[in-house]
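For reference, chains read A, B, C and D in written order, and residue numbers begin at 1 within each chain.
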Amino acid sequence: MKKIITKDYATMSELAAAIVLDKMMLSKRVNLSLTAGNTPLGMYEILIDKLQKMNFDRSNIHYYNFDEVPLAGERYGLTMSALKTAFYDRVHIDDGNLHELNAQNNQVFDQKILQDGGIDLIVMGIGEDGHFCANMPGHTSFEREIFAVPFEEGDEIYQSIKNLTDKEPASPYVTFGPRTVLASKQLLVFADGKKKAEIMKKVLEGPITEEIPASILRTHPNVTFILDEEAAALLEN
Amino acid sequence: MKKIITKDYATMSELAAAIVLDKMMLSKRVNLSLTAGNTPLGMYEILIDKLQKMNFDRSNIHYYNFDEVPLAGERYGLTMSALKTAFYDRVHIDDGNLHELNAQNNQVFDQKILQDGGIDLIVMGIGEDGHFCANMPGHTSFEREIFAVPFEEGDEIYQSIKNLTDKEPASPYVTFGPRTVLASKQLLVFADGKKKAEIMKKVLEGPITEEIPASILRTHPNVTFILDEEAAALLEN
Amino acid sequence: MKKIITKDYATMSELAAAIVLDKMMLSKRVNLSLTAGNTPLGMYEILIDKLQKMNFDRSNIHYYNFDEVPLAGERYGLTMSALKTAFYDRVHIDDGNLHELNAQNNQVFDQKILQDGGIDLIVMGIGEDGHFCANMPGHTSFEREIFAVPFEEGDEIYQSIKNLTDKEPASPYVTFGPRTVLASKQLLVFADGKKKAEIMKKVLEGPITEEIPASILRTHPNVTFILDEEAAALLEN
Amino acid sequence: MKKIITKDYATMSELAAAIVLDKMMLSKRVNLSLTAGNTPLGMYEILIDKLQKMNFDRSNIHYYNFDEVPLAGERYGLTMSALKTAFYDRVHIDDGNLHELNAQNNQVFDQKILQDGGIDLIVMGIGEDGHFCANMPGHTSFEREIFAVPFEEGDEIYQSIKNLTDKEPASPYVTFGPRTVLASKQLLVFADGKKKAEIMKKVLEGPITEEIPASILRTHPNVTFILDEEAAALLEN
């Protein structure tokens, strides 16, 4: 485990972009799994800027979303919509290089990833409750591979998704499980801001427990955590 | 995770030996961490036989013991003594290529491993209580790196060691913790015989929990389990 | 570069089999490129024996032939026929895991390999003229990727193939070029017998030159040469 | 081989810095071999800026210079002096993490690199004559590992060094040979400006020959070339 504390969000974003760019420039097929949400927006702006100034064969770069919440009556779910807006639709990606995990294919997606050569890099944020991908406390366990979680209108999870979007979430949501994530060759976890300080203390320095799902990420042989000073404020080591 | 079920102990031993030989023949420094005990004896006989028929530069092959129980008044502890008898003293190994973990250096050994380039392969058996290395249920937790466990004459651990040897164990014993093991590039776990069937069912198909320490090994991105038919008898998948 | 000299052909074959078995047991997709010819026959017998005693999911193991000479009126060329007889047809391999290079697809096969994740291991013998795969002296250059070589009935190449089989070779033959081979993650080169001693001296200790195509293999970052004592008899270092 | 053409020198430098930063942030020992000269100056400014904004354990990052020309009466030679001025002395590097190749230790340095775990990344420029490191046309061959080249005051090489510095070069100069470079896990080659256009055409699209030493770099399984538009102006593919 490598832990890096940056002066600010901009540096965190630049370092995350560096790790992604490194993979894109390799002379081999590269399978990336990038996160939606607010944390990566700075990283995406840098990637988009750099890709506009680079002329190279991108056919080796493949993308896999690591979770999805279907939206009623929409072609793309919450994650894919966000990824398309923030990154995919702003750079050139061939259809054949976008590999969509969804509620239809989640039972065969671990096998697909294996046959595609495995995920080279997953870039993830951490929720204030300690979730990663959609491994929510109480709804995941360390032995899970990709799985689906059915939900109903009254459920907490329904509400929390509802708060993110004005669209109607449709059960079930799907996600890479802990073992799918930990089977990746490299993990990058980033977090910024005061509101992440408490959970990052638990994730990095507390017990490894399913109550804080992201705590398991510390066990990966090739994981880097990048935190800005605010998110790292409560760390002791 | 890869799971292989072999017809018998001999095949299990040959496959384990193949994985170790593959590493020995690489054109790079290779750091190996091999197990003492009964399970590997067949593997060591094969390795010794092959090494006698091979002429090559072995200066790239380094060995690290992953646990140790000091023995009162002895130069080497329980693990190193067993490794020397079963393997080290029967093949040519330069002193500079043997890296001994013991009760004196365990606090700096994780850093030493990092500086030495990391462990490339750990070969481990599993105890009937689900322990790996010396991560005994109730005496380890998933977030541990290398650690020492003090014990006294009345303790269960003292007795179980006493039953293995006629020598006097000396506190504390030391071991790679779960995070040290999981930081290795490759893990090989093997088990044979009826008496391992129940624990292997738990390790491979039960919950990932500190009560069965070896259950965490399933999360490693490059782990292979080799079981003979008897040890695999209770597996469902 | 790692060089291993074995007492005999049997040990050479066992070590080669160990390297292949190691790859087969990894928990990831593995793309293998194995050789036809006489040198590997001992290795294949070991692999077939071991695979019969192993119960495991082989869906991650993929095979790519690295050269081919079409045979007039036959479904399979010289290489695929030999591989099927020696190995493929004697172990279970799903059609989807056999990737045939031939005179029809050779222009897109480098791109296919890239998209399939690259070759993890190529196992090769060396011809007495220093060729590897079908990179014959005078008919290859170091900058080539996969290429086709047309030939006619009078040509030396035609005759040498004719001597190997009673079937009619059909132009062109195709082969991984030096850059395709060197782009692989690991190379295993083996040679046995007195008749290989002179060429192995040139390959391993002479200048790196297109006149001895296999001399370039020494530059790969992860190449192992396994020679029996007879093939190594003229080496100085 | 991966080839990337950037809009300008600044983007080339940012991408090179990204690849180096990626390595620095890995949770393992990383052995870097970085180049002196003018090409990397932009990259070093970015690295220095980023490192000032990052708080992390750098004890895993090791540096190896890949060539050296001793300077009469000076503690450091031409390369180390330039590296110290441009980078080493401007960021915190412990003495134990700086591994100096020089005229005294060059005969044991390949073995040292092997024992240190190999070089993870070499960052190189290309000379207008096609040299890389100090592999000058006419003074190297592809089978060389680290070697020393004696020279005298009248020699061309003496003059070209003399033109770079007002200090007196002292024979011999030493350099990673082609096989040392190609044994590295990853190579990054960069070039900018019109004056590099002709040689980059030869290096990337001409025959692989000792007359253009850098042409051999195309054969590495993990090599990335980054060129600005001017240096790439004559490329056809």
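Just so it is clear, a residue touches a chain if its C-beta (ideal position, glycine included) is under 8 Å from a C-beta of that chain, and two chains touch if they have at least 3 such contacts.
Keep in mind that what you see is a predicted model, and the values were worked out from it rather than measured.
The minimum number of touch steps linking chain A to chain C comes to 1. Chain pairs C-D and A-D differ in how many C-beta pairs they share in contact, with the greater number at A-D. The chain with its Cα centre farthest from the Cα centre of chain C is A. In whole angstrom, the spacing between the mean C-alpha positions of chain C and chain D is 34. Each chain gets one centre point, the mean of its Cα atoms, and the points for chain B and chain D are 40 Å apart. Centroids of chain A and chain D (each the mean of its C-alpha atoms) stand 35 Å apart. Annotation for chain C: residues touching 2 or more other chains are 1, 27-28, 60, 118, 183, 221. On the chain D side of its complex with chain B, the touching residues are 27-29, 59-60, 111, 114-118, 183. Only residues 1, 118, 141-143, 178-179, 182-185, 206-208, 215-216, 218-221 of chain D touch chain C when the two sit together in their complex. Interface of chain C with chain B (complex): residues 1-8, 11, 14-15, 17-19, 21-23, 25-28, 50, 53-57, 60, 221-224, 226.
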